[in-house]
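Handing you this structure, nothing more for now.
Chain naming follows the written order as A, B, C and D, and within any one chain the residues start at number 1.
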Amino acid sequence: MNSMPILSLITFLPLAGVLLLFFLPKESKGLLRSIALIVSLVVFVVSLPIVTGFQTNAEFQFNEFAPWIAAGPFQMNYSVGIDGISLWLVILTTFIMPIAILSTWTAVEERVKEYMICLLLLETGMLGAFISLDLFLFYVFWEIMLIPMYFIIGIWGGKNKIYAALKFFIYTFLGSVLMLVALLVLYFKAGAGDFNLMKFYELSLDPATQTWMFLAFALAFAIKVPMFPLHTWLPDAHTEAPTAGSVILAAIMLKMGTYGFVRFAMPLFPNATEQFTPLIATLSVIGIIYAALVAMVQEDVKKLVAYSSVAHLGFVMLGVFALNQQGVAGGMLQMINHGISTGALFLIVGFIYERRHTRLIADFGGLSKQMPVFATIFMIVTLSSIGLPGTNGFVGEFLVLIGAYESSLRWYALIATSGVILSAVYMLWMFQRVMFGELNNPKNQELKDLNAREVVIMIPLLVMIFWMGIYPTPFIEKMTPAIDKVIAYSKGKKLAAALQQAIPSAPGPAVMQPAILESK
Amino acid sequence: MLEYVGLIPLFPFIGFVINGLLGKKIKNEKVVGGLGALMVFCSFLVSSGILLQLIGRPAEERIFEKVIFTWIQSGQFKADAGFLVDPLSALMIMVVTGVGFLIHVYSIGYMHGEEGFYRYFAYLNLFTCSMLLLVLGNNMLLMFVGWEGVGLCSYLLIGYYFHKKSAGDAGKKAFVMNRVGDFGFLLGIFTLFWYMGQTHNVWTVNFREIAANAHLLPVGGVVTLIALFFFIGATGKSAQIPLYTWLPDAMEGPTPVSALIHAATMVTAGVYMIGRLNFIYIRSHEAMLVVAIVGAATAIFAATIGTAQNDIKRVLAYSTVSQLGFMFLAMGVGAFTAGVFHLMTHAFFKACLFLGSGSVIHSMHHALHHAHSHDDPQDMRNMGGLRKAMPITYLTFLVSTIAIAGIPGFSGFFSKDEILWQAFSNPFHGGLNIILWGTGAVAACFTAFYMFRLVFMTFFGECRITAKAKDHLHESPLVITFPLMVLGLLAVVGGYIGLPKLIGDMFGGIPNYFEQWLEPIFAGSHEFTLQQLAHAEVHHSHALEWGLMGASVVIAIVGISVAYTLYIASPQIPKKFTDAFPALHRAVYNKWYIDEIYDFLFVNPCKALGNFCWKGFDVLVVDGAVNGVASIVRGFSSVIKNLQTGYVHNYALSIVLGVVTIIAVYVIR
Amino acid sequence: MLTHHSYLILSAILFSLGALGVLIRRNAIIIFMCIEMMLNSVNLAFVSLSKYLGNIDGQIFVFFIMTVAAAEAAVGLALMIAFYNNRESVEVEDLNVMKW
Amino acid sequence: MDIQTLFFAVVAAVAILSGILVITCRNPINSALSLVMTFFCLATFYVMLDAPFMAAIQVIVYAGAIMVLIIFVIMLLNVRVESGKKYTHGVLIGSIMAVLLLFEAFYFLNRSSLTGARGMIDANVVQNVGHVELIGRAMYTDFLLPFEITSILLLVAIIGAVILAKKKI
């Protein structure tokens, strides 16, 4: 059916772009930017067929397989494929990247070549992580992703960039190292001879092992999400990163965490998932409320948006751990929504930062008068972020909450719902202080409205905001079967069913059972 | 015609899109305003067609559902984008498009020359669209879309003069308070959906399906919870205690907005919702009692504040809160028809009052502007004697005031009297009925008082602005007065479609058309009541009903005469009164300090908590731990780093040391 | 009787002398020469063992070591010139930027 | 004590003495000359060990090429005779290390004996076949690849030296 290795193509096209950039002179900034933009656009166009060609079922599609590294007892394979869950994240990545590249078109003037190389490298890393079906491959991409981001924050960041970059790196790295350990334990427990995810899914581990391994995986992912109380790297990283960095970080990289939960932590360790659901739900709910409260009192627009990210991701986690169709679908949608609307918010912050070189709310006020187009776009994005019906934010948030409400997490959902009040408070208050009021700061009176490039950046995002708000069916439809599968694995149904089949009635250690069956 | 129900919200939406995107380029106010009004008028025509078609059908077939597409579907959860036309929503769309159209026309005149004229009309059209979605939505989720949509438009329109801080604040307050309500609304949806699905495997949010399965709901228990959740939503949107404080502040918006959104349509959404979900409320006496008490309390509470305000629009705003209280009182005593009836008549006369006040402000503003005076054109203390300068405004205003005060023959009387009677005679709340009725009656008395106080201060007596300004006072143009006249007329005659049975019988059995019309909606609830409370049915004599009707007339007249005494006959008394009870007056004038209390109880603690979480927990505890680990490592390494002298021979020495050690180990072993 | 033992002991003495020179001298060029001396002592050990084991391989090693020494001399002395150009000195105590 | 041993002892004494001079001379030129002396002593040993070719390249490469290079550099840099301290701070500990190293080596050598398979190459073979041919045969057959790599090493060293020594390329 698919003779063309389309997933590899989109994953490694940016790498080809990197190679191309290597040979370009670093003085021709325009050319460098254009090439990077064109590469990312081509990747986006090439990635579209995976939506149209995607069959709505639970299977992994567009699979590719090649043996990769064979070292002693280890066999790592290049095994990729997507299902309904990763499909939209891949598309989100390819969709956001051109926007991100375009966003710092003028803001980054130094080391343009290196900057563009970092961005494209990052794209490869992120795409690779989303499509990997081999745990080791996933880990490799997961780490690859980290490095360009570290440089993006550390080189092109703000005042406190080194601190932020280090904090980001060490936080994330700490988690991923533990994940690597768990990965190896899993490998040896499975004894399967390779890191194939499918094989690991079928594994039945004893609960104690599951607990530890879930914790290791969960820590890595929870840091990335980030979940309360592991979130403090996020505001710093976001505030210091250049606009494109913040956009990518918020829109895509944070999704690695939640994606990791859905793809790995939950289906691999069903018992532990059940055991830790209350804990995760509690942390999510605390995250929602806490981040909202903290966001409310921020003085820096970008930090506020960063904290709002924490709150939004709290919703995602709550939905995902509700472990029912609505909850997980809502969580997945919310991941995409958050990518779009928070990405857009960071772009907006970038726009005014580029003009005024400040992000303090107090320095603004009354911008609506001076920048009507900007005001309109800002308003729409703000509303999307607070989940106004008709925008994308609502659909995801609603599904998450109703899903959680139906499940055993009812009380958590009840508290989380109050997040909708708080989100309105902090976002609108910020909007009011920035956009409304009197235009009394002389510096603000000379502000120019958005230029064509900036409007062009925002339009696709606005289209997505309304599209997903008004007609989300295509998105939900494609992910439904995959979600069913994830839920089945995470609830351990398959395991239970298999055990029941193997052991008709007699209790006793499951391990001994096959021998008895064979003897018959 | 029914097939085209989708057009009703679509027309204003088109208007919104055109005005929003191109309005700035069009520049011509007539085109922009005309387009806005025309679009609403088109909706009005379609609505009328639908209404006529419904009337043409037998009562039980007056329901029609049209699904446009599936909006959200996930697992058992399914919400369509679809419209439900039944007598209740047909009535509502008539009110929304009818009153909406008039106010659009009015706005063309009122907003003339404003900066961002196109923006105003775009918002207004968007509002109309959302409101129509709210009333037409065939499921709770779509209703919620409209519900939030109107909230958004309200936010945008209150903040229309965004350069004023107070306007921005008011808009935000409105939105946030509404969000508190939405929180309840959402929980209501969740609980209902979950309960019906979990216990009866009916997974739906569709109104018709829920209504059809209403018999599965128990009495009390979880239903009380659901009903109360929804009621929280209603208190937010319809400005009831405790979430009413945003409405008076919302007067920062342009006056036609106050008329449309904060009087006639949006704020009644809560009433509409309870009407729509009547089968839930009827199954929970506790919830109904709460609704009734909150309604009654709001009615009297807001009325007291209304008596001491000097800003013409604020008086009307508190009046609106109070009247909404009446509607909820009606809902809470099971008089759904009466509540919806009052909703409709209130839409007429309150819209007329707001537009009238707008006309006055417009004129005052104009006059003061010419006289280069900086007096507040909205302050009634600056007005007086306007009836000569503005006869049409005066007349329509007076008619509506009489209507709201509850003088027989005008629309307000029929609806308000019905509510009071039901409050007295309903079979639900037993001994509390008399209190509910009493509260309502006192509130009605206050209503008559402050409304006539308003009329007397504005239109009677001596004009209190400078003579120079006075010369510039004149009647508003036709584009403003025409809607006033239409609404004034409706305020008079609107009540006659819902004559109480008592009066109808007297005139040869004229039926209560209004009740008949809404019968299919509330029939289930009535039947249920009869089943449940057959034993408790209390029969009241006609004499009692006549007596109470008379009493409410007397109450209204008392209110009016007090107002007359205080503000026309002997204007010195109010001064004396406030001097005698300064504390009381201050408290009432400052709205019982509710805003301050809320600030103290919720806003400031929230901010303090936020600050604590940020600077206390985030920075100190979490980052403290993170950075603490980092500094421990750094401290350790700053000790070890001294080993790294940077001198080559020291490195050479350590190499040799290593060699010696290794050989030693090898040799000694 | 002269055996490989004598050669090895001589080799050890020379090696230690070289090491001592590396450790105690300040002049980088002298240190460099001491290193050459250490290399040579190893060469001596190789050749003597080659002889007493009757195997030519040891001498091949010496050959390679000499090549490396030549390369090292080229690069090392170039480094020294570069260092001298920067610091006007060839003393190792001035070679102290290799920290933190 | 036969003549061979005596000769060995004398040459060894010279080698050690000149080695000591290398590390003690204040003037680098003197050190360098002492080192040349040591190298000659070693070349002598190579002859005694039936490895005349090694002796030849020892003289040519070490004493000839490398030492000339070193002296050349010393001249080029015109390094002053160390005026202040000759030794580093670590004379004591350095000496201790060196002595330890020496003792360990002695101890080790005293305890050890020559093991392993004996090859077939003795003085006769060297005499008959010729040392250069033996080396060449081994070098261009068994050790061909390392030999080729050596050429790359030398190339790299040349380039490295050029780049390092020149101020501007």
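Keep this in mind: a contact is a pair of C-beta atoms (placed from the backbone, for glycine too) under 8 Å apart; a residue touches a chain by one contact, two chains touch by 3 or more.
Predicted model, so just to flag it, every value in this text is computed and none were measured.
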From subunit B, which chain is the farthest off, judged by mean CA positions? D
For the chain pairs B-D and A-B, which is connected through the larger number of C-beta pairs in contact? A-B
Where subunit A and subunit B are represented by their mean Cα positions, the distance between them in whole Å: 38
Indicate the whole-number Å distance between the mean C-alpha point of subunit B and the mean C-alpha point of subunit D. 99
State, to the nearest whole Å, the distance from the C-alpha centre of subunit C to the C-alpha centre of subunit D. 7
Go ahead and note the Å separation of the Cα centroids belonging to subunit B and subunit C. 93
When you check subunit B against every other chain, which residues touch at least two of them? 647, 649, 653, 656
Multi-partner residues of subunit D (at least 2 other chains): 88, 90, 93-94, 97-98, 101, 105
Among the residues of subunit C, which ones contact at least 2 other chains? 19, 23, 26, 92-93
Contact footprint of subunit D on subunit C as seen in their complex: 1-2, 4-10, 12-21, 23-27, 29-30, 32-34, 36-37, 40, 43-44, 47-57, 59-60, 62-64, 66-75, 77-82, 84-85, 90, 92-93
Quick check on the complex: what are the subunit D residues that touch subunit C? 2, 4-5, 8, 12, 15-16, 19-20, 22-23, 25, 28, 31-32, 35, 38-39, 42, 45-46, 49-51, 53-54, 57-58, 61-62, 65-66, 69-70, 73-74, 76-77, 79, 82, 85-88, 90-91, 93-95, 97-99, 101-102, 105-106, 109, 114, 116-122, 134-135, 138-139, 143, 146, 150, 153-154, 156-158, 160-165, 167
Within their complex, subunit D touches subunit B through residues 88, 90, 93-94, 97-98, 100-101, 104-105, 107-108, 111
For the subunit A and subunit B complex, residues of the former touching the latter: 167, 170-171, 229, 231-233, 235, 290, 293-298, 324-326, 329-330, 366, 368-369, 372, 383, 388-390, 394-395, 398-399, 401-403, 405-406, 410, 413-414, 417-418, 420-421, 424-425, 428-429, 432, 435-439, 470-473, 476-477, 480
Please output the residues of subunit B touching subunit D within their complex, sorted ascending. 647, 649-650, 653, 656-657, 659-660, 663-664, 666-667
